[in-house]
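We call the chains A, B, C, D, E and F, going by the order they appear; numbering starts again at 1 in every chain.
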Amino acid sequence: MRPIAVYPGSFDPPTNGHLDIILRATHLFPKVIVAITDNANKYPTFPLKDRLKMLRESTKHISSVQVEFFSGLLVNYLKKKKATVIIRGLRAISDFEYEFQMALMNRKLNKGIETVFLMPDEAYTYISSSLINEVSRLGGNIKDLVPHSVEMLMKKKKKGV
Amino acid sequence: MRPIAVYPGSFDPPTNGHLDIILRATHLFPKVIVAITDNANKYPTFPLKDRLKMLRESTKHISSVQVEFFSGLLVNYLKKKKATVIIRGLRAISDFEYEFQMALMNRKLNKGIETVFLMPDEAYTYISSSLINEVSRLGGNIKDLVPHSVEMLMKKKKKGV
Amino acid sequence: MRPIAVYPGSFDPPTNGHLDIILRATHLFPKVIVAITDNANKYPTFPLKDRLKMLRESTKHISSVQVEFFSGLLVNYLKKKKATVIIRGLRAISDFEYEFQMALMNRKLNKGIETVFLMPDEAYTYISSSLINEVSRLGGNIKDLVPHSVEMLMKKKKKGV
Amino acid sequence: MRPIAVYPGSFDPPTNGHLDIILRATHLFPKVIVAITDNANKYPTFPLKDRLKMLRESTKHISSVQVEFFSGLLVNYLKKKKATVIIRGLRAISDFEYEFQMALMNRKLNKGIETVFLMPDEAYTYISSSLINEVSRLGGNIKDLVPHSVEMLMKKKKKGV
Amino acid sequence: MRPIAVYPGSFDPPTNGHLDIILRATHLFPKVIVAITDNANKYPTFPLKDRLKMLRESTKHISSVQVEFFSGLLVNYLKKKKATVIIRGLRAISDFEYEFQMALMNRKLNKGIETVFLMPDEAYTYISSSLINEVSRLGGNIKDLVPHSVEMLMKKKKKGV
Amino acid sequence: MRPIAVYPGSFDPPTNGHLDIILRATHLFPKVIVAITDNANKYPTFPLKDRLKMLRESTKHISSVQVEFFSGLLVNYLKKKKATVIIRGLRAISDFEYEFQMALMNRKLNKGIETVFLMPDEAYTYISSSLINEVSRLGGNIKDLVPHSVEMLMKKKKKGV
């Protein structure tokens, strides 16, 4: 049986870097569940339902991708979904340290789960959700950095719609 | 005269990684003072007196260990205690950068003080107090990651006792 | 035409490390604008006007240095000032990761802007504004770590003047 | 169709860390080809045929693993094997830098190939082929660090058999 | 007086990453001397005169660039050339460590010299001379990774012309 | 009983950074054995007997320091010397990775041995034996970087005495 993969994150907002990792994951696994959480993110910029909408809109052309919320322990969520693979993107050293720690903890909590690290296109090296929020807040152009549906929603948000 | 060592930290809560470093330090120095502080930790998960209790409980079988509070500058505390050695655990790169900076600053504030870095068992690479708090909050099992007395207190706390 | 350089930062407070970078930048560029911002610093220790005063006082002997506030996108500020160079100091790995990301983002926002990294004297490796604030708050001596005018203002501040 | 994976390396000699990665890879992919090369290793400690033998012996109980030689460009070898995934183990920062560079180069040479990074058990953090060769040469015990068949061959080799 | 800059290196062979740094340097300094050395490179792939030729050919359209050999201490070479700036490209962590050490040593040897670090386009993150030599040796296509004149010479070399 | 410490290395040649670490170690341990080896250094710049002489000369004023050769496994040498502590200096990230790996391996080979990491003065951040050899070979002044006896011997060596 081919393993199901979960790509967890805050996606606040989703970026082109996230989309790049999602696409790569679909080449490796028959089903990729993008799992949005607020576990580590107490004051999000976008409400969960907006992030769900943006991710579904940006991935609707990829049939093997499913977008969901999750809360609680990631390893419990994987069990419920019969998934055994966690997908994580690796951009840089500081990513690596944190990701390494999380992956070892998740393995400790459930030995049957494997964390798989993928590398985004080098064009997305400098993109993070928080940096995009900052650039957008200060009036910068984020057109090439996020999916179209995210750009539209961020514009609306700024206009106070 | 053999140097007295101070192992400072938040210990919020103490972990098996902390205990591992304490034990290693006792093989090197005749007296090891574990010094709990809230200097860099404005909203602790556990009150100081709980952390003192947990650390005393977990180290009561090691006669050369003494557990105390401290506040103010670490170098002043060492002077008061006639200690000349600071013990720090090194787990990873990000640790290293921060620890390096603190050690140089403490040396600048008092040239007579030496910071000694020890490496915990590799089994504790992924353990940090904040990660343990998060796993516990989300319902994960932290039994192998903290001393028994810490596990008991964390359970009580979750039940609202 | 020789390029004008901008050295952006919070400078909360300015340190001897900052002054070292400013001086080095003046050997390379005919005009160096030190640009103070609160973009990433919502609860500063010193108000903007104090930081402006401290930096102007500490750099008044260097005619090619100009100290200013800025808000909004850094690349827009450079355009307004007809500047094409961003100066950044590199102390350590963690600096490097963040600086790399910012420099790539600024290049993306304006291809005509170059980020130039300089290395401070190794004596300033361990100095950061936040560490100086912490040492000062805990009663430590910061005399050799900040310019004289900063030391004076920090003393006044602590006395509640 | 499920992707075939190639795990390339010198394996001079194979270690328990290598075996750990091979096993993890078989949980993800239906066929894992362990591909031994001397591309970057002009003066190997073990001849290619010994490494082939040791790896085949150590993996004979895993039916989805196949051990082979390869030379030339890795991406060409994958094409020949109809494989689209490169497996790499990530132990530490220095690994990461080099692996990142290789993965980007391989992606440049063939966009259809994905490099997947797996993390070995933390017990294997300190194991590398070159360190094992050094420890063995100096008379140290490598029993827990390499597969049994490797230990046997290394012993024979030392006796000059 | 505007400072003259020296960009030292082995350039064995020159890559598009090197060319990118050279171009950026010319936006900052009125004269950029590309200085080829074999100081740290005892068995070069290309003889010095070929590297000189390739670099001159690739930079002939930039009037402020001059290509030369140098041997001996870099700081002495700068003095002879009345240059006060060393240009270095920063791609990654491992670069940074080594470059940091060299820059501090050069500053120790001559306080009047400043090392300026520039960041190449992220498209060149994975390119290094040694990797290009390896890819080319194994039959890979290096067309987008090196200047045209370098590609031509490498082809000739492989044909044994 | 207070632990005996061993500070192993190539010391090819000894530097002021090495001397700084030796001095710091003597503040912590009653006896510090500086142990010179050629284990990882097949083509040393200075013969073992010269390094022994230079280190003995540079440490003759510190009565608790003893200088010796060793070969074979470091942990076996410690056992023979009834020592239980390995001293290592930490300058930078790349140091750290390698040192971490070695310390874990030595702990694996003998659980009773502790590696203690000390930080040299930041003035010695950029000094390494290989860099000093290179600077000296190219005619640079190494006076402030090595002990006097080392400087003298290096001068003699260059004159071919």
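The working rule: a contact is a pair of C-beta atoms (placed from the backbone, for glycine too) under 8 Å apart; a residue touches a chain by one contact, two chains touch by 3 or more.
Model, not experiment: these values are computed from the prediction.
Enquirer: Can you give me the shortest step count from subunit E to subunit F, moving only between touching chains?
Expert: So the least number of steps between the two chains is 1.
Enquirer: Return the chains shared as contacts by subunit C and subunit F, ordered by label.
Expert: Touches both subunit C and subunit F: B, E.
Enquirer: Any chains in contact with both subunit A and subunit F?
Expert: Shared contacts of subunit A and subunit F: B, C, D, E.
Enquirer: What chain lies farthest away from subunit C once each centre is taken as the mean of the Cα atoms?
Expert: Measuring from the centre of subunit C, the most distant chain centre belongs to D.
Enquirer: Determine, using the mean of C-alpha atoms as each chain's centre, which chain is farthest from subunit A.
Expert: If we average the C-alpha coordinates per chain, F ends up farthest from subunit A.
Enquirer: Tell me which has more C-beta contacts between its two chains, B-D or A-D.
Expert: A-D
Enquirer: Enter the angle, 0 to 180° in steps of 5, of the rotation superposing CA atoms of subunit A on those of subunit C.
Expert: 120
Enquirer: For subunit B and subunit E, let me know how many angstrom lie between their CA-based centres, rounded off.
Expert: Subunit B and subunit E have C-alpha centres separated by 48 Å.
Enquirer: Report the inter-chain centroid distance for subunit C and subunit E in whole angstrom, where each centroid is the mean of the CA atoms.
Expert: 30
Enquirer: In angstrom, rounded to a whole number, how far apart do the mean CA points of subunit A and subunit B lie?
Expert: 34
Enquirer: Suppose each chain is reduced to the average of its Cα coordinates; what separation in Å results between subunit A and subunit E?
Expert: Averaging C-alpha atoms per chain gives centres 39 Å apart.
Enquirer: So which stretches of subunit C touch two or more other chains?
Expert: Residues 93-94, 100, 104, 122, 125-126.
Enquirer: What is the complete set of touching chain pairs?
Expert: Final set of chain pairs in contact is A-B, A-C, A-D, A-E, B-C, B-D, B-F, C-E, C-F, D-E, D-F, E-F.
Enquirer: Spell out the residues on subunit B that touch subunit C in their complex, using ranges where they run on.
Expert: 39-40, 72-73, 75-76, 93-94, 97-98, 100-105, 108-109
Enquirer: Taking the touch rule as given, give the residues of subunit C at its contact with subunit E in the complex, in rising order.
Expert: Going through subunit C, the ones touching subunit E are 2-3, 24, 27-28, 30, 84-85, 90, 93, 96, 100, 103-104, 107, 114-119, 122.
Enquirer: Which residues, counting only subunit A, touch subunit E once they are in their complex?
Expert: 93, 122-123, 125-126
Enquirer: Using the touch rule from the top, collect the residues of subunit F that touch subunit E in their complex.
Expert: 92-94, 125-128, 131, 134-135, 138-141, 144-145
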